[in-house]
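Chain nomenclature is as follows: A, B, C, D, E and F, assigned in order of appearance, with residue numbering initiated at 1 for each chain independently.
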Amino acid sequence: MLRLSPEGSRRFSQTERLEVHYGGGEANVALSLALLGEEARFVTKLPLHAFGENALRYLKGYGVDTSCILRGEGRLGLYFLEHGASQRSSRVIYDRAGSAFALSTPEEYDFDKIFEGADSLHLTGITPALGKNCARLALLAMREGKRRGLTVSFDPNFRANLWTEEEAKRCFETLLPLTDILIASSDGLSVLGLSPTGEDEEKTAEAAKTLCERYGLRAAALTMRGHISASENRFSALYYDKTAHFASPYLLRIVDRVGGGDAFAAGLLYALKQGYDGGTAVEFATAAGALKHSVEGDANLASKEEIFALMKDKSGRVLR
Amino acid sequence: MLRLSPEGSRRFSQTERLEVHYGGGEANVALSLALLGEEARFVTKLPLHAFGENALRYLKGYGVDTSCILRGEGRLGLYFLEHGASQRSSRVIYDRAGSAFALSTPEEYDFDKIFEGADSLHLTGITPALGKNCARLALLAMREGKRRGLTVSFDPNFRANLWTEEEAKRCFETLLPLTDILIASSDGLSVLGLSPTGEDEEKTAEAAKTLCERYGLRAAALTMRGHISASENRFSALYYDKTAHFASPYLLRIVDRVGGGDAFAAGLLYALKQGYDGGTAVEFATAAGALKHSVEGDANLASKEEIFALMKDKSGRVLR
Amino acid sequence: MLRLSPEGSRRFSQTERLEVHYGGGEANVALSLALLGEEARFVTKLPLHAFGENALRYLKGYGVDTSCILRGEGRLGLYFLEHGASQRSSRVIYDRAGSAFALSTPEEYDFDKIFEGADSLHLTGITPALGKNCARLALLAMREGKRRGLTVSFDPNFRANLWTEEEAKRCFETLLPLTDILIASSDGLSVLGLSPTGEDEEKTAEAAKTLCERYGLRAAALTMRGHISASENRFSALYYDKTAHFASPYLLRIVDRVGGGDAFAAGLLYALKQGYDGGTAVEFATAAGALKHSVEGDANLASKEEIFALMKDKSGRVLR
Amino acid sequence: MLRLSPEGSRRFSQTERLEVHYGGGEANVALSLALLGEEARFVTKLPLHAFGENALRYLKGYGVDTSCILRGEGRLGLYFLEHGASQRSSRVIYDRAGSAFALSTPEEYDFDKIFEGADSLHLTGITPALGKNCARLALLAMREGKRRGLTVSFDPNFRANLWTEEEAKRCFETLLPLTDILIASSDGLSVLGLSPTGEDEEKTAEAAKTLCERYGLRAAALTMRGHISASENRFSALYYDKTAHFASPYLLRIVDRVGGGDAFAAGLLYALKQGYDGGTAVEFATAAGALKHSVEGDANLASKEEIFALMKDKSGRVLR
Amino acid sequence: MLRLSPEGSRRFSQTERLEVHYGGGEANVALSLALLGEEARFVTKLPLHAFGENALRYLKGYGVDTSCILRGEGRLGLYFLEHGASQRSSRVIYDRAGSAFALSTPEEYDFDKIFEGADSLHLTGITPALGKNCARLALLAMREGKRRGLTVSFDPNFRANLWTEEEAKRCFETLLPLTDILIASSDGLSVLGLSPTGEDEEKTAEAAKTLCERYGLRAAALTMRGHISASENRFSALYYDKTAHFASPYLLRIVDRVGGGDAFAAGLLYALKQGYDGGTAVEFATAAGALKHSVEGDANLASKEEIFALMKDKSGRVLR
Amino acid sequence: MLRLSPEGSRRFSQTERLEVHYGGGEANVALSLALLGEEARFVTKLPLHAFGENALRYLKGYGVDTSCILRGEGRLGLYFLEHGASQRSSRVIYDRAGSAFALSTPEEYDFDKIFEGADSLHLTGITPALGKNCARLALLAMREGKRRGLTVSFDPNFRANLWTEEEAKRCFETLLPLTDILIASSDGLSVLGLSPTGEDEEKTAEAAKTLCERYGLRAAALTMRGHISASENRFSALYYDKTAHFASPYLLRIVDRVGGGDAFAAGLLYALKQGYDGGTAVEFATAAGALKHSVEGDANLASKEEIFALMKDKSGRVLR
């Protein structure tokens, strides 16, 4: 997906130049995992034109395995992002209808090739929101992954600009029983009927427990966010695997609000894959998520070394 | 329509920032006429979001009457433009499917209001290329204009990325009998079955005569272009109203290749409206078209004074 | 007025490029009112050259009625703005002497046309500071407005770079008896002999009361600001109409310090015009003022919907 | 003087950012001479504010002796420059009224200090165009220079935006009898009653002869320009010191049109000071002038080595 | 290698921002071949820091096989490029001493891995110019390539900033007997004792013949350049394989002068690999080289389709 | 030294443009002193190429005496700076090996000329870190300065990227006995065997006392920093001259983290030179250091007036 945003804190109405980034939930997670050193294969369908090429080159440059990305007719989905500041919220205008991916059918994808050598599968709630084809594809991918014994993680993020809460709920409830690890923001769970739990540790643990039991999850990871303004957030997280592991919180000065959840997800998946214990895993994932907020673009460009360094020293001292 | 182009002579593959312009055939003509001092009402349908607002504000700022522009669901059509240079052609990626305008139906437009006080109507071949709705709209608008006694001008420009030559031809042949003044590039007439005439005055006059007779036109204006490279063109034109009036030619150093034809069209419509004779009209229109090639963006931002000045002195001396 | 500012937090001494905005007290209020949906007519005199045109086009684009703006000889007033940060204050270099507006005489303005259909008039203390002609014009405009039964609002802001406190005081005291609604910053009232009241609610209410009684005002609106640094302010306001209505305060991360008072004024005038009660009006105006600080340029580009949204939810969450 | 120009080939009406340069006829000559290795003292009056400082720092950085520059009240004169291209001329909007220099009186300048150690004085026709004070200053400076035995050079360039041809002529005729070396463009001499001579060598030599005789000049240097378009000029020159020395011509692709004459003047003054013969001097000056057209800003940033290299090899090969 | 260049036609002395590109002779050829669809493996040594990563990511994104690139201590070689214009030459400041590649020894490279599956090897004269290690590496690589039966191509380009003509000659004469195909500019052969042949077809063919005989080459390809100015060149080429094949010439408007020879080399190597006949091969290579001059950066970003299109139609028409 | 940094908060991996600044410890102090009105002579060796010229011009523009700067072979040392934000630290990549300065020998410097008319000498710990030549030069300069009765100040800042703590310690212990005034960050003293004292006033005073006694210093100035994040620091300082003088602390929003210590040093040296008492001196120096953090680039561009204004009013109000 192509992301176009006015420079700095300019508004859409003041746009003479748009900054170009590439992103999208699963792409961000794949790139982040590749940067951390994992093999990550990203699957989508991209148009044949130059901007489709650009997206591909971006992923390849960062080491993402793009061999299963389809190419063909259709647009490149795009969205406009206006960076918020202070009391002014960031705003998104989606322009994704008719994208090559949205138009692609599950039949075009070769799951044997896609899952070859893979041990886990990650999906977000945005994929099924892109239309019937994509909803079918998400379900099929999860089933195929499950059947092959992969660990399935799912982030049920909800975009009000793409569908209604009811549609999302109905869809997510078919996907969650196939999910091993749920990764979500604690405030984003209202689509599943939970009340927002904010920064309340007890209520957040309660919510995670409820979800694990309701959907038979192996674990649930919930980010916890305190909204001070569009420029400042508190940020923490819970990893719940019967035991509740809370990360120590960060006070974030936000450079780029988008992709924090994906950075957290990638950090968590990486940490679990390395066999870190729950407490370390959630600290790693939260540090990864925190760093993302200081990086322009959708994807977390923080290295493993930076994440570990942050876990040890939050001072932000200059390194020279 | 939103136009997004890499800075300077950067390629699509080198795009970190996109420059934003607004344009589209009829919009360019309307803006240019408004700048020249004519009342110009532009009709389209724009989405409700911020970039729809931007397009509207752009037109209003230049004095275009936007009171008949509809607002509603759908995308803002957009296109990506890579500026060519030397032997490298400019390239366009259209991304217009599903635009609010393309989705709009003729029934949404109130022709009584649209044509109130108007004495002429201008359309280009791109409008009917946007889909069935737009093709019906173009035809209906011409009929309604004709019925009210307006002078109808039409530029049958053909975009291979939007439809086939056959589709275009079939459509244009329904529109041309309703046309009073045809405005086209002499090389662009192949869609109507004519051979390209390049810079050959005799053949160009022949082509104009043929068209006038075949479609019962009052007059035909044909721009003539010598392609030296993407950076340099020769540019001239014929205005044929039984008599052939040729403009003196320009050697253009091209800053922005898009919109030259629209600038010429606006110049011609303005000149005819002022009652200039055919020779002066074609000189005025050609000077307007020439100046456009030195202006970034789709629209000609040259004033009447500049056009007249160029007609008198082609030296390009600094004015201070 | 043309505003030229170095990019980002660059200093004047590091200026290789200047960002261009257009503004000025009354222009900002007019634009903001137009954006909120009110009819707003702005009156000034602009030079004939291209930057005069630019200023005009900017206002027209946002829907301001520019039909009473005079054009003629003289400069376009301009100012240089260096954005402050942290402990470094924003700085302004005025370069307004000899502007077309400053040179214009009251006799050039046709008050019958200017006030046609109007129900209110807004002026700031900067207009009379621009010289004798402007001071006469301000007084005359207020008298003419008053005579026609308009509601007159006045913001007695004082610019030390333009005149002395004594000159300002003498002038303001001729204007305030003609004023219905005073809109000012509580710390900016020293020119009228009041001590700065900072964020003290009681003292601010006292000051408002004093002013209403002293000048026979219908109401007084005072913004209250806590200066943490050039990057951070607390921001609140009082609307006093016999009763003191205080707005809930905001902690601002400042993107652009200029125009906060004008945004507040426009918000208040809009709210009163809609018939909101005093409490809602001051909340609306304060939210408008708060949002302005997050927007580049002089004018508040926040919509009614954004202002209402902020009044309900100050979290600055991303909207997608 | 501050120069503000839209980026690249943008028009004034498309200005979101202005590029900042500093310049002015005599300043350009002084900077160029300093860069070539001569001691050059520039005299003017600059305002006290940050942009006055910037102008000063710019000159000091390039080694110009700024010890005689006065500081005080007034504006910094500025001008807006729109770069032309192809058939579209470059345009200048002057905004120099009320500058500190224009307001300064001859009495403020200490000629003993100014001329200490100097052997030549250069002035342009723009200085007396800035008002009565400056006209008096120019005359006085020439007289004082003359009295001290300096070689006086004068470039009678005429700016229609600043005064009329008659005013200029009257003034220039008081200055030319004090002039030793006249440096001008052959087409710019109409203010002195000569017809433009274009690129005609014979007529140009005739004009130079006439001027030398009429005003008792020691020599006259005339640049000769062929106007192909705003992007392309032919450029040559004559140096006439009883004998006519013509430089070989250049075909220029113009990057920045302003300051070509000043670069030529500095080149000539440098060459004469080094004792080059007339033929070498005019080749050197013309090469300097040619190079300037490829450099952004008012001043010629070409070194002596580059000028000599161009005199030997006009191929423009990459140097690596 | 990192390339840093002032924006547009700014000079080094006007540099507030530097544009970043990555390049270097062999890297440009590898990237170009990968873009054309060939498998291309690039071998060098890059530092461990972020800019080393950037260079790697750039190559990977374009599909270059980077698996044999070493990483380790040392700098990233860099050069500053000032774009020339008109009579002002482009200038290069090399800053390559102490680069990780220059410090690397031949022993660090595993030729079995490097040449696995390869059928050709390309080197330029810049590699041995970087120091003794690199000179040894170049020689060893050629021997190892030759021993394995690869086709060896060599471009003996000479950089006066890196070594003397004598040093270069001595080195090249050890490499040329190992060379199958020589690719050079006809004017760049003076280092081998030939006189520049400019655009003279006969002399160029003579030079190619001499070289083939002297060094036992299979073929020699020589680009031919007519230097009009830094903005304009004529460009053609000869491919000599006993028979002399000349390409039709182009008149280039130069956007970026660097990398034209590498683009030509890549085009030629691609064409020969496809089995095109000599005439087609040199047309393809010349078209590739011509297009490069219109592309910013060191590498040719033109696709196969664009090159073929240019071979058929040199008009530079907009594609839409 | 040339500093290259990605724009805004972009990471090294997102660099398409690098912003250019010039700096280096002693250069920053010299420039700051010159700006404050002191005569400051900076000594180094710069390469002959254009960027060496640029560095020189930058210093000359700000009034630094550059008459003792040597020119000659070698690189211009450079470093890449990535601006940190929030939890992400600023990062520096040094690329200084082989610089003209690092290659210069003490014998090249003429100390009689260097110290002519001087009354003080300032050095930082970075100079001796650049290699044996520079370490010898630092020692020799201090001895020569001392011998001539100059006040010697030294900032023992340590860069882990340049040498080890042991090497630094060994070197600093030869320089500190020659030092009159030590200026350091309290946390940076670990290289001398002291524990970091953070913001603890008592411990900081203790450390200063220890240093004064151990090395026979006249005074020690220690900045104290509270690390909240890369975007926010608390900043204060101690000046210890038997008596401990503490400055009142600032909460900094960091625009540019580099050069805070140099700005403090320059402020202190200026204040002591003016004869301010210890308390005022440390307040002045700390205000100078605080302001630097709001200024882009290495050097403090704050004027004396701004520093005094900040000492009186920390509100950061807009000045207009």
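Structure notes:
The criterion applied here is as follows: a contact is a pair of C-beta atoms (placed from the backbone, for glycine too) under 8 Å apart; a residue touches a chain by one contact, two chains touch by 3 or more.
Computed from a predicted model, the values in this text were never measured in an experiment.
Touching subunit B and subunit F together: A, C, D, E. Interface subunit A/subunit B: over half of the residue numbers present appear on both copies, so the contact uses mostly the same residues.
Just to note, of B-E and E-F, the chains joined by more C-beta pairs in contact are B-E. Centre-to-centre separation of subunit C and subunit E, using mean CA positions: 61 Å.
The mean-CA centres of subunit C and subunit D are about 44 angstrom from one another, to the nearest whole unit.
The multi-chain contact residues of subunit F, meaning those touching 2 or more other chains, are 8, 11, 13, 16, 57, 91. Listing the residues of subunit A that touch subunit F in their complex gives 8, 250-255, 287, 290-291, 293-297, 301-302, 306, 309-310, 314-320. Taken in their complex, subunit A has these residues touching subunit B: 4, 7, 11-13, 15-20, 49-51, 53-54, 57, 75-76, 80, 82, 91, 93, 95, 97-98. Within the complex formed with subunit C, the residues of subunit A that make contact are 8-11, 13-14, 84-92, 94, 159-161, 227-232, 257-258. Listed in rising order, the residues of subunit A touching subunit E in the complex are 57-58, 60-63.
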